[in-house]
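Chains: A, B, C, D and E, in written order; residue numbering restarts at 1 for each.
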Amino acid sequence: MPNRDTISRKHKLGQPPGALLYTGAPRTEKATFSLTSYNDKSHSEHIYSNFASCFEKTIPGFTHWINIEGLHDTELVGSIGERFGIHPLTLEDVMNTQTRPKFEDYDGYLVVILKMIRFDRETRKVVIEQLVIILKDQIVITFQEKDGEDAFDHVRHRINVSKGRIRKSGADYLCYALMDAVVDYYFEALERIGDLVEELEEALIEEPKQEIMHRLHDLKRQMIMLRKSVWPLRELINNIERSENPQITDNTHLYLRDLKDHIVLVIDTVETYRDLLSGLMDLYLSSVSNRMNEVMKVLAIISTVFIPVTFLAGVYGMNFDIMPELHDPRAYYILWGVMILLMVLQISYFKKRKWF
Amino acid sequence: MPNRDTISRKHKLGQPPGALLYTGAPRTEKATFSLTSYNDKSHSEHIYSNFASCFEKTIPGFTHWINIEGLHDTELVGSIGERFGIHPLTLEDVMNTQTRPKFEDYDGYLVVILKMIRFDRETRKVVIEQLVIILKDQIVITFQEKDGEDAFDHVRHRINVSKGRIRKSGADYLCYALMDAVVDYYFEALERIGDLVEELEEALIEEPKQEIMHRLHDLKRQMIMLRKSVWPLRELINNIERSENPQITDNTHLYLRDLKDHIVLVIDTVETYRDLLSGLMDLYLSSVSNRMNEVMKVLAIISTVFIPVTFLAGVYGMNFDIMPELHDPRAYYILWGVMILLMVLQISYFKKRKWF
Amino acid sequence: MPNRDTISRKHKLGQPPGALLYTGAPRTEKATFSLTSYNDKSHSEHIYSNFASCFEKTIPGFTHWINIEGLHDTELVGSIGERFGIHPLTLEDVMNTQTRPKFEDYDGYLVVILKMIRFDRETRKVVIEQLVIILKDQIVITFQEKDGEDAFDHVRHRINVSKGRIRKSGADYLCYALMDAVVDYYFEALERIGDLVEELEEALIEEPKQEIMHRLHDLKRQMIMLRKSVWPLRELINNIERSENPQITDNTHLYLRDLKDHIVLVIDTVETYRDLLSGLMDLYLSSVSNRMNEVMKVLAIISTVFIPVTFLAGVYGMNFDIMPELHDPRAYYILWGVMILLMVLQISYFKKRKWF
Amino acid sequence: MPNRDTISRKHKLGQPPGALLYTGAPRTEKATFSLTSYNDKSHSEHIYSNFASCFEKTIPGFTHWINIEGLHDTELVGSIGERFGIHPLTLEDVMNTQTRPKFEDYDGYLVVILKMIRFDRETRKVVIEQLVIILKDQIVITFQEKDGEDAFDHVRHRINVSKGRIRKSGADYLCYALMDAVVDYYFEALERIGDLVEELEEALIEEPKQEIMHRLHDLKRQMIMLRKSVWPLRELINNIERSENPQITDNTHLYLRDLKDHIVLVIDTVETYRDLLSGLMDLYLSSVSNRMNEVMKVLAIISTVFIPVTFLAGVYGMNFDIMPELHDPRAYYILWGVMILLMVLQISYFKKRKWF
Amino acid sequence: MPNRDTISRKHKLGQPPGALLYTGAPRTEKATFSLTSYNDKSHSEHIYSNFASCFEKTIPGFTHWINIEGLHDTELVGSIGERFGIHPLTLEDVMNTQTRPKFEDYDGYLVVILKMIRFDRETRKVVIEQLVIILKDQIVITFQEKDGEDAFDHVRHRINVSKGRIRKSGADYLCYALMDAVVDYYFEALERIGDLVEELEEALIEEPKQEIMHRLHDLKRQMIMLRKSVWPLRELINNIERSENPQITDNTHLYLRDLKDHIVLVIDTVETYRDLLSGLMDLYLSSVSNRMNEVMKVLAIISTVFIPVTFLAGVYGMNFDIMPELHDPRAYYILWGVMILLMVLQISYFKKRKWF
């Protein structure tokens, strides 16, 4: 049911704005919490299954990253919102997995909503999940739809081994690092799609089958979905850049400028693939019509060469009492001559018109 | 007559600007009025069939919401306009059901005109109706084309049970809440259309029939209409945001920003569906031409295999006196051999060209 | 010769800028003048065939509207220009019936150039004519290409019976009222075109004939022309709004804002019709190719079912001396059995492939 | 070799910027110079074949127009540049006939580069040539690629007979007058193209031949080229308008505004023709497929009507010893009946399906 | 594997931002360095295979150009970055051969990243390579992916022979000169592509083969790639122009304005080629369908002319005992007459419908 990705499944008809309603795929597992705390000297990492205990651990002077996986627990999200003073509208966006990517500067905190894109090698389909990043003072809270192949593991690893500048920088850099990790996965997914496009192109040139058209259509639909997730990112990053919020340092702005270049490259690549897919569809259609042309030519040549001579044979198979030609001893041979001549004339006519 | 939705039925040719002329579907029922009054402590709700009595009831210190269903009574609309000091141009827009969605800041009141969209499950068509919201001090007046499945019932319910922040907020929030309720119905309608798109895609992959093309065309036309209703909303909400009218509080602006995100998502989704529908049309056309290809191949193979041998059979059915082959005892068997050889050669040629 | 509408017929090659050259259809009738003078107390209306006498009648303190029909008299237009101090470039635009719609703020007067659009019910074509409105103090001068079904009669009537606010307002409101009357006719024309689109859609669904394609093409061409006339109006009205000319009062600006909404709706509707027409063309093409598919299937089924059995009949119609089967008493019946079996097999194959 | 127009023939690979390299069609004739000098009292005109002598003649207090035809002489262009203090980059643009239309405000002089467009009635093709206009104090220098049907003759004539305001205005007005003359030729060319479009439309409706498609393609390609020449003019004229160079007087700005309207009209018309051509291509393709449909229907009807009865005839032409029907005296007549019945049934089936 | 050009091969999944990872084609050769130093009096040029020794040679008062070919040595790029104080994000861009063309103004230096485009005459494909130019005080550092046909040789030659103004200008002019040399190669590549487009057009008009469609598709794909490289250049040059960095002198800005015109011309030309290629595809498809039409007409004419008469011949070849016509002495001649009449009627019908 891939189209369903385009629109929320259960919409909040009749709910007041800010009402919490989970709109993702149904889940039963319990949400999990991880708390990563670090400064340039030390770091710690804990996993909890209870929000209250998770929160007790935050230490002043450290950067804290609280990662929450699983959004289906309305009550839980509500209590997190209350604890950190998050506006109900933000919480509504957290739970509605169809929210459009955006950056918002609320009084006291910043929110970034974007889509994590992963290419599932088995179904050969792009999987889109929502990620919400909230930056409040030195605390970064991330909400993920579900747990799985994790773009964040790389960031966590860098914190652990103190690779790059992440341990030396504050929560705003962590925010950037998470967004950067998500965008890196976009390139990964696009590369896989690039492989599929190439594969289809080769298959198409070898033999144009209807199945290829179906796969082209499928890819095109995925590009439409991807585009919907990726297109708003340009505006998102522009809004961050223009925001004069003091929480984002000048140094992080430099990195955000770099991220913007990556996002623009992602958008360019999505557009390029759309163009390539359109080109392949045109190629497919022209191949089909070319193929038909060839079939028709063979049919036309064979039919038109034999139909007139078959008629002649039919005529001399008639049983009229009086058919003088039948009694002429040379008639049979003359007829063969006429028939062969006819066939040769037709073939040379087709040859002249470059039919073969 | 679906196209007629795109343009007014009876236009006001020769009428002065501001002349009142009802352009919706003809109606005979009497217009109905409901008056909802509330503050954070109490609320009341009354239904009237007479405008004058409706108005007597407005109490200072409360937020009043006057909902008017049925716009066909020119005189009535005129007297409402006079009572509240509404400009004739606004009243003209109220009655002309083809007005483009817009926000206008008149001296003394604000007007929002938008389209209510409902998906009729029986006709499987989108129904578009006009809604005019006028905000004047603590009074909100809404004009609806007709009564039916009502997006406003949810808002009314929230007022009654004091759900969310509606009872604590003023008339500007009520305005927002009504717009939000209308936009929620857009998602509902889009979800239904998404179901239809999906249904058509499945039917199309199973068997491409012309009926599917007709349904695709029908959906596409509905998307064109939807787009016309939805596209101006972006500008509308931008105009509200930019308006510095003191009637709209800062808090409501926050909610309007959220509404804007929803509107942009609606627009994105409409565009996505247009893209998906175009993709399905391409798929349909390629399926049809593929199907034709297959039919032609079968025809070509059978025809070209049998036409030459039928000619040979015709030749030896001729009645010439002198046809030496006829008298050769092995001739019949040799001919069968030649004919079978011919057929095998042709079939292997087609096989080589990957015709089957 | 409908394309000719897109470009001037006789262009002023080699003429200096500001040279007067009439480019409309050739005319021989004399130009006519009407002078309407009014204030809120009284009004008068006169028709002249001589410009000088027309001008004598203008009375101070009144709003004057001079309407001139027929532009082919170069000398006349020149003398009007001289009398009112109109710049030669404006006069050139007055006479060149191909001028693009625009608003210009000259020193001492304002010019609005737009296209009057009328749907001719006989030829079923849109007729486009140029209208120039010049506003100079309390005088409005209008130049029309020719006389006919007149959008201005309604305005004249309103002046006569003092309907609406026209008699109470000045020359700037008259200007607006004229533009509004012209735009009302756009809706009228669009409604007629909407009828044609609908008619074509119904005819198309019933039976796709080539004639429908020609009519679709014709409508599409008319939409291209309409669009060229209508598209610049948005810029025109924006320019008026931005112009800070004191001749246009605040009150009239309110009406112009309303007019702008109408213009945007006209543009939207033209675009909607273009989309609908494209949709109908796609539908037509798919219907044609579907139809072909059906024809080919019937041909393929009948041909492939009968060609092999006809071959068999041909074989046993041969006259070889030695054909043992011919002498077997059951052979004829066996052959019928084989032939029927062959036909049944083929038909069930086609049935399985859903050919019918 | 029409595509070659889109790109320079010999590009200056490895040349320093500002290097002079002629890129137009090869020429051997000597360049010619004409010097026109005028003020409102007198004027003179001379033709030289030597640049030095041409320059001696410039008289203070007069407006001078030096027109140079033929750009292939690198040395000559270099010496002109030196004499008037022209920047090497400008000279490079003068000689490179592929320069994009632009306006540049250099220190001490202004440059306008645009394309002269002429419709060659013999080849029925648009001919594009480059024109460079340099305005330096009271001197206007124009560089033309070659001499031929001359848009400038009209301007020269107006100077000679003192028609219009040219003699009363300065060098900036001359500049404008030259650009206006060039743009007037655009309308001329567009009118010719409009004739061709119309001609093709009529031919297409009468009979859709492949030759029409070739001509449509050819016209479309010319529109692509035209567009490339015309599109940058809007920016060019905007740049002149925005330039606050004192050499351009207020009065000339009024004329430039008028020129801008003309340019926008040219661009609109080019776009309109592109739309019309696309429409004609769609019409052509639908006609071809309709034609095919008709051919296939005739083939299908004749084939399917006769194939089954031919089979029956073949059956009773067989030579089996035992074929009881052959000996029934009514059999021949019954068979005719059956065959006619079959044919009638098929024809009525086709009739019912509206095949004819 | 041409699609792979659109996206990086090995992306830096899990690497921190600023991590150096070479993403181009694998290489084994050692990187080479060349140092060109010059002022208006003298110049020197050296080639090194060791970066440290290369750097020792830089002399104060001279303009230095360090050209580095081969980017696969991560360590080397890192040490260059350290030596010149280049930000890690810049170094990441240097090594990632998929970086989008851009200009960046870092604290202390400027970076320009663009694509070098070369047309490989053997593979008939466009080869795209990355070039990074860093401008820091009087030092220009260029990073090239690999060594080959070198756009820079021309610049080097100009330095050596002191051609043009390069020796008299500073490092900013050198920067410009390098970009100009790169853009000149774009024209070269576009000219080659123009040749191919023309070649295809001629081949297409002569005979529409499927192979042409494949080549058109291939060219179109190359245009998509080219466009992706060329499109961002407009923004790049605008950013340089708007940058108020004192390193870029006013004089160089004049040259950059000229370069901008070239870039816009390149973009225009790429778009023009895309349009031309689309036009050729339409022409190809119409030719194919026209060809099919012709084939079908020949088939239809021959079939429909002979099928009915073959039926008649079949009828009189039947062996019924009683077939009175067979014994009429004129019957055979009458039948011939009927058959010829039938054929003539059909042919004249087809003639009337303009089938041939």
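Brief remarks on what is shown
FYI, contacts are C-beta pairs under 8 Å (C-beta built on N, C-alpha and C of every residue); 3 or more make two chains touch, one makes a residue touch a chain.
Model, not experiment: these values are computed from the prediction.
In terms of the stated touch criterion, the partners common to chain C and chain E are D, listed by label. Centre-to-centre, using mean CA coordinates, chain A is 41 Å away from chain C. One inter-chain figure worth recording: chain D and chain E are separated by 25 Å, centre to centre, where each centre is the mean of the chain's CA atoms. Looking at chain C, residues 285, 289, 292, 296, 299, 303, 307, 310, 314, 317-319, 323 sit in touch with two or more other chains. If you draw each protein chain as a dot and join the dots that touch, you get one closed loop, with every dot joined to exactly two others.
Contact ring, oriented from chain D toward chain E: the chain order is D, E, A, B, C.
Within the complex formed with chain D, the residues of chain E that make contact are 153-154, 157-158, 163-166, 176-177, 180-181, 184-185, 187-188, 190-191, 194, 197-198, 201, 205, 254-255, 257-259, 261, 264-265, 268-269, 272-273, 275-276, 279-280, 282-283, 285-287, 289-290, 292-293, 296-297, 299-300, 303-304, 307-308, 310-311, 314-315, 317-323, 353-355.
Per the touch definition, chain D reaches chain E in the complex via residues 1, 3-4, 6-9, 11-19, 87, 89, 92-93, 98-100, 102, 104, 207, 210, 213-214, 217, 220-221, 224-225, 228, 232, 281, 284-285, 288-289, 291-292, 294-296, 298-299, 302-303, 306-307, 309-310, 313-314, 316-319, 323, 325-329, 331-332, 335.
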